[in-house]
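Next up: some structures, all given as structure tokens.
Below, chain A partners chain B and then partners chain C, in two separate complexes.
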Partner chain A sequence: MSTETAGGERESQRSGPLVAATRWMENLSDTTYAYLLLSPVFVLLGAIAIYPLLRTFEMSMYAQTFTGLGEFVALGNYVDLFTGNMDRYLPGQPTFLPTDFSLGSLLTSALAVTIIYAVVSVFFETLIGMGQALILDQDFYGRRWIRAAIIIPWAVPVVIQGMMFYLMFLPSVGFLTPPLADLGLLAPTNTLNDTTSATFIIILSDIWKTSAFMALLILAGLQSIDRGLYDVAKVAGASKWQQFRYITFPLILPTIGVAVLFRSVQALRVYGIIDIVSNCTVVPSLSCMVVNAFFSGFNAAAGTIAFTTAAIIGILVMGIIVWQGEDAI
Partner chain B sequence: MSDNGSHDDGQRSSVSRRRFVAAGGATGVAAGLAGCADLVGGGDGGDGGDGGSNGGDGDTGTSTGDSSSGSTTTIRWGIGPTAVQTAGEEMKTALHEAGGLSDDIEIQWVPSSQETNETRSNYSRILNSGQSQPDILQMDNGWVNIFIQRGQIQNLSEVLADDILTNVDENYFTGFTDTARDPGSGDLYGIPLFPDFPQMQYRKDLVEEAGYDPEGENWATEPMTWERWSNIAADVYDNADVDYGFTTQWDIYEGTACCDFNEVMSSWGGAYFGGRENLFGPVGDRPITVNEPEVIKSLNMMRKFVHDEDFGGEFSSYGGGFTPTDILGWTEETSRSPFAEGNAVFHRNWPYSLALTGQNPENTENPALGQDLGAMPIPYAVSESDAAQPGTGGTTSALGGWHLTINPNSNNLDAMNEVIRAVQTDEFALELFRLQGWLPPRPDLFNSDEARSVEPVGRYMDTLQVAGQNAMARPVTPVWSQESSAIAQQANRAVGQEVSSADAMSALQSNLEDIEQG
Partner chain C sequence: MATVDQSDDSGGPLNRWVQRSIQDPERVYRALFYTAMVFFMVTTLFPFYWLLVLALTPSSAITGGGFIPDISLFGANVPFPLPVPQGFRPEGFIEVFQEIPFHLYMLNSFALAVTTTIIVLVVASLAGYVFGRLEFPGRAVLMLAILAISYFPPAGFVVPLYDIFAGNAVTIPFTDVALFKSIELLNTPGSMILPFSALFMPLSIFILTTFYGQIPDGLEDAARVEGTTRLGALFRVIMPLSAPGVATAAVLTFISVYNEYFFSSIMATSPQASNWSPLVGGILSYQTQYTTNFQLMAAASIVGVLPMLILVIVAQERIVSGLTSGALKE
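Our next item is the complex of A and B:
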């Protein structure tokens, strides 16, 4: 009681805006204080994320012409995009939607290529990552080193990764083109400018790089499983497969869900690896189209495709969240 | 108990809040000081322009300099990286010594990209965001027009001195200068730096060993047919110890559309938009003539060169199979390096390659051929009079070349007159010709004896003049960048044998129609 009075007296001896501000701050409730501390982040996000986002959206509502922005057309660009009228602003042959369902046509469609890339690469990454995680979960000599080794591809920067695969498959220099071409998987010449081959290589390089990421996430899930459950299963006479089917898999499923979510979002935004290994005209991902349109000065077209990409990613994330329930995030 | 607890909480939290603010404040002050120190350091250094924040630094540097001691204005000049690597310092010296630029003005190169399209994107980004640097942007004549239409580069008719403008009006190559003018008002937006015409370059020693006589037959000035040329190429290739008979560029990039394919197609009498008069428009109202027999034949000929494909005997009299499939991924420098190393017989490239490859190998660390380098006009298939599209046929060199445009946001506009005057001097133009193989942009100098005596490019002056007389501009309109990606892609697919030439061209036809009319 007496100390508090003394403290009050001491404080009252000082005044001025700084002291007033400090006192005001000290009297905030915990929640309000938390928001106060978060406010710089909000300001920063607002300035570098939300404002550009809104500005891009605004830009996407003006008509696109070859010399600049035209009059306000509201959502007209989005209609154009889905009816094929925006394709003229995409570089070269690519269209936004596929014209039919042949492989050739799917691979020249920005939307289809992006989805094919995401689905195929994430599928194989999950499969390989899970395999790696199951092995790494075992006790064996040198496990620590293997764990470190397996993560190396993931630590390689995209540009270096791109150069590696570019050189591996560069016709007449790369050592991987002839054997894979003999198997009929790749075009023997002009490999990196061939849509099917280049898409294959880019998917391959992504699987090489990010399987380790999946493995790490899934490994975390595996390690959190109560080992006692396996003892019980053994006593009950469960086979290895049954142990996996009824204990391991259901328990790591939420982890897999999160991992798939992260990877899918990342895969749908693929750009760098394409630009380095091949060419945006050859493998037209959505982000490629955005960058290309923007660099050509077609801001409205770039904004429209960017927003559509964001919407697609948003829908996908929603889908996974609904599938996984609250556990997903 | 609970009262006590909350009291404790309050106490703890109040201390941490204070501490937090104190720590935050200290960090802020420290960061601020560090920032200022950086700024001051940059200003002191004079050329503090190597960091990312050179905008502010440069300004401080110049303004303090002005008020106190000897003032230096730094002009930042956006330029291709190959030029800087080969003779960056020499070009600076030439500006000051040959061009008479005062020492108060310092030039700093800002290398962009080797690839013209990347350079365009880069400059587009710089100008879109209103950056004040580089002050001078060296732009490909193929896309200056796009920046003029968008109003993003400085109208030189408004800022440069009259003597400079009159000089350009009266003395420069008109056709080339026109690519730097606004077609509507005729105002000048770029100072022509050098026009560029490619030619067929070759290993003279190998050709002579195989029993041909380039001097006697006047290869340097008399264009030969593709038929004869391909037989020579195949013959020399078979008898010489080289990996490639012919290296050129056929990647999916601007160069294939504007130049490589354009040359082959024109030499067959074909054109993208129905002949010379429609090159610059009107977009949407001009014929699209890529799905025509002459264009398809020209692609089939390239396939003959690469794959030795016969097309039912149509090309049986041609030599074939001497060109690697690597051309499908090659651009200028990638195709030049095997040639400069002596590993190819023929090579199609711009004059800069003559300047580099024609150097005496004893005087340079880079691979070069010296006197063994020969040049001839690009071969042709049909003569001008037999060409299907008006104004095409015969030997054709794509019209390349670069202009100097000025960044309208530059803080150094007042120094521009002096820089441009230095660039315009005969001496500087000849130095550029010597160092880079950049042709003088004025006919009087281009045809002069001084130019002819410049080593090594002067040796090829006759060929360059023939190429210049047969130059074909690329069809630059605001839609060109979209069209050129489509053209390059289909030309690449056709020569790569992914689809037949006819299918590629019919796909291109509908693609171009979409772009033009859409």
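Our next item is the complex of A and C:
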């Protein structure tokens, strides 16, 4: 850049702020240079992530009243949240903790319904994703197109995914509600405002969308398996099932572990699909409660739930890091 | 396979198939394989087909039901296995743009996605260069911190961000010291691009760290000897050489922003295209307090998902490599 000077002049004779800045940058030590290049990341994440997180935490330490923020109560809101005293600030009829262990009470509890949603959807996504990955791992004509078709749901915008399932299960439009209602799985009328039915539909739509993600992660694990192992197994007379049971499954288990935790973290944030298919007061996920409480003007309640969600996810992430150790990075 | 017990030698194609399968189990696996493949194809593609059915059905016929007609098969009435449109009215795909300016909502989404992608690529390239090619104290801790931040739920950020973007003062946490007021950003691209960038940057950082770390040192040294500055070496040598990685990060960021719901729905407070409301606002606009036009909702959903279909078909290699390397590295 600086050697473009004409007539053999030495670069050191050029001046101006740009040249000065370049020269200054060239002479920095590696460490200083590294932190200089990272400064945009620090600014962005500091302003958009760390500052709001701290403010959220601060907000959660003031008493919640129906008129606004009260006095400083430190961690009192968290105690209220887990003893049920915060429930009156949650719009609709949800509770934070389930009152008993019946399905109805579990599904109207913000904490329980979020965890149920995450566990059930991730469980089925893993199963289906494994099936899809085993298929994509084969060599066959048109594999590229099959793979594209399997990935496509993952790339569908949440709002369109929501539309699909809304239009499939809305009793006046969709054709799926009557047969499933006959089986007793869904409420025959007002399906999308029925907590159990709506939770079922939302889990189904998440499985549809995100199995592909699991499939891709598991496929990466499958393709790293040494093919020679299968030749050995064939010579030894192992059946396909034995090959899967004793070679494939143990070798992809670590990959599945990471994928499951990674997906669980995302599943615990669920908001958009609920907002479109049903309503946040019908299926009260944790993120839903944060948004609803905030728009009802209950900032302290919103902050408390937001930070509790973050803490739950944090515990899961610690799991990932402890499990993976240094490889997690 | 459910018919294995009928192994009497009475002929018939099914029995012959079963007999041959018993002699050659490979056939069963192949049959299972194709059954599973067809099953996955049908389940993944069916919701798109359903949108198409609704988009072609006139809105007056949509709530009438009857999408699954009975057909007569050998004299018996059985339901047809696929829903069929009640009529044929492709005009819906034009009315989508007449009813509301749906193309403007899509353009908003594109503009937001492109801007975010550029910001993320530049900032993540700097970070990827640092993490992939420089050794310095604090590297592991910083990467861990970025990873940890990427795991926080957006709900943890949204309330204070909304406050700031609404024009309230930025306050030092845990004090009442107000620093300065942000300009009002709600309903402007800034209120969405900033959270998007922070949200989707970590994945790009990890992808680019992997790719930039693989470029041999000699190439960078050669460029430096030729007289390139340090930054010049990054943007003129390392970035072009890692083009697949950069493309991967770009495609994933673009798709993520286009698909984002949380901030898109909260930060664009009015569903007006002129207020930078993205795709989310557009599709939900067909449902007003008084009327809901299901046909146009379905047609708009198909139009809105087309860019993603094309992107997946064109860039599937990049998506696969990015998701697997990025997510598994994380």
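Just so we're on the same page, the second predicted complex is superposed on the first by the 290 of 329 C-alpha atoms of A that agree within 3 Å, B and C clash if a C-alpha of one lies under 4 Å from a C-alpha of the other, contacts with A are read in each partner's own complex, and residues count from 1 in each chain.
As a working rule, a contact is a pair of C-beta atoms (placed from the backbone, for glycine too) under 8 Å apart; a residue touches a chain by one contact, two chains touch by 3 or more.
Keep in mind it's a predicted model, so treat the numbers as computed, not measured.
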Check: Which touches a greater number of chain A residues, chain B or chain C?
Finding: C
Next item on the list: Identify the partner contact of A:279: answer first if only chain B is touched, second if only chain C is, both if each is, neither if none is.
Entry: first
Note to self: One more residue to check, A:322. First (chain B), second (chain C), both or neither?
What the structure shows: neither
Margin query: In the overlaid three-chain picture, which partner chain does A:87 touch, first (chain B) or second (chain C), both, or neither?
Written below: first
Next item on the list: Please work out whether A:22 is in contact with chain B alone, chain C alone, both, or neither, and reply first, second, both or neither.
Entry: both
Next item on the list: Figure out whether A:67 sits in contact with chain B (first) or chain C (second), or with both, or with neither.
Entry: first
Next item on the list: Mind working out whether A:236 is in touch with chain B, chain C, both or neither, as first, second, both or neither?
Entry: neither
Next item on the list: Using the superposition on chain A described above, determine whether A:310 touches chain B (first), chain C (second), both, or neither.
Entry: second
Margin query: Let me test your reading of the model: by the given contact rule, A:183 touches which partner, first (chain B), second (chain C), both or neither?
Written below: neither
Check: In the superposed arrangement, what residues of chain A touch both chain B and chain C?
Finding: 22, 25-26, 30, 33, 37, 172
Item checked: Contact set on chain A toward chain C in their complex -> 1-3, 22, 25-26, 30-31, 33-35, 37-38, 40-41, 44-45, 47-59, 128, 131-132, 135, 138, 144, 146-153, 155-161, 163-165, 167-168, 172-173, 175, 208, 212-213, 216-217, 219-220, 239-240, 255, 258-259, 262, 265, 268-269, 271-273, 275-276, 286-287, 290-291, 294, 299, 302-303, 305-307, 309-310, 313-314, 317, 321, 326, 328-329
Next item on the list: Spell out the part of chain B that touches chain A in their complex, as residue ranges.
Entry: 13-14, 17-18, 20-21, 120-121, 124-125, 128, 146, 149-150, 251-252, 283, 324-326, 328-329, 477-479, 481-482, 485-486, 488-490, 492, 496-498, 507, 511, 514-515, 518
Margin query: Taking the touch rule as given, give the residues of chain A at its contact with chain B in the complex, in rising order.
Written below: 22, 25-26, 30, 33, 37, 66-68, 85, 87-93, 170-172, 187, 189-190, 192-194, 279, 281-282, 295-297
Margin query: Taking the touch rule as given, give the residues of chain C at its contact with chain A in the complex, in rising order.
Written below: 25, 29, 33, 36-37, 40-41, 43-45, 47-48, 50-51, 54, 62-63, 65, 67-68, 83, 122-124, 126-127, 129-130, 134-137, 139-140, 142-144, 146-149, 151-163, 170-171, 173-174, 194-195, 197-198, 201, 205, 227-232, 255, 258-262, 265-266, 279-280, 283-284, 294, 297-298, 301, 304-305, 308-309, 311-313, 316, 319-320, 323-324, 327-330
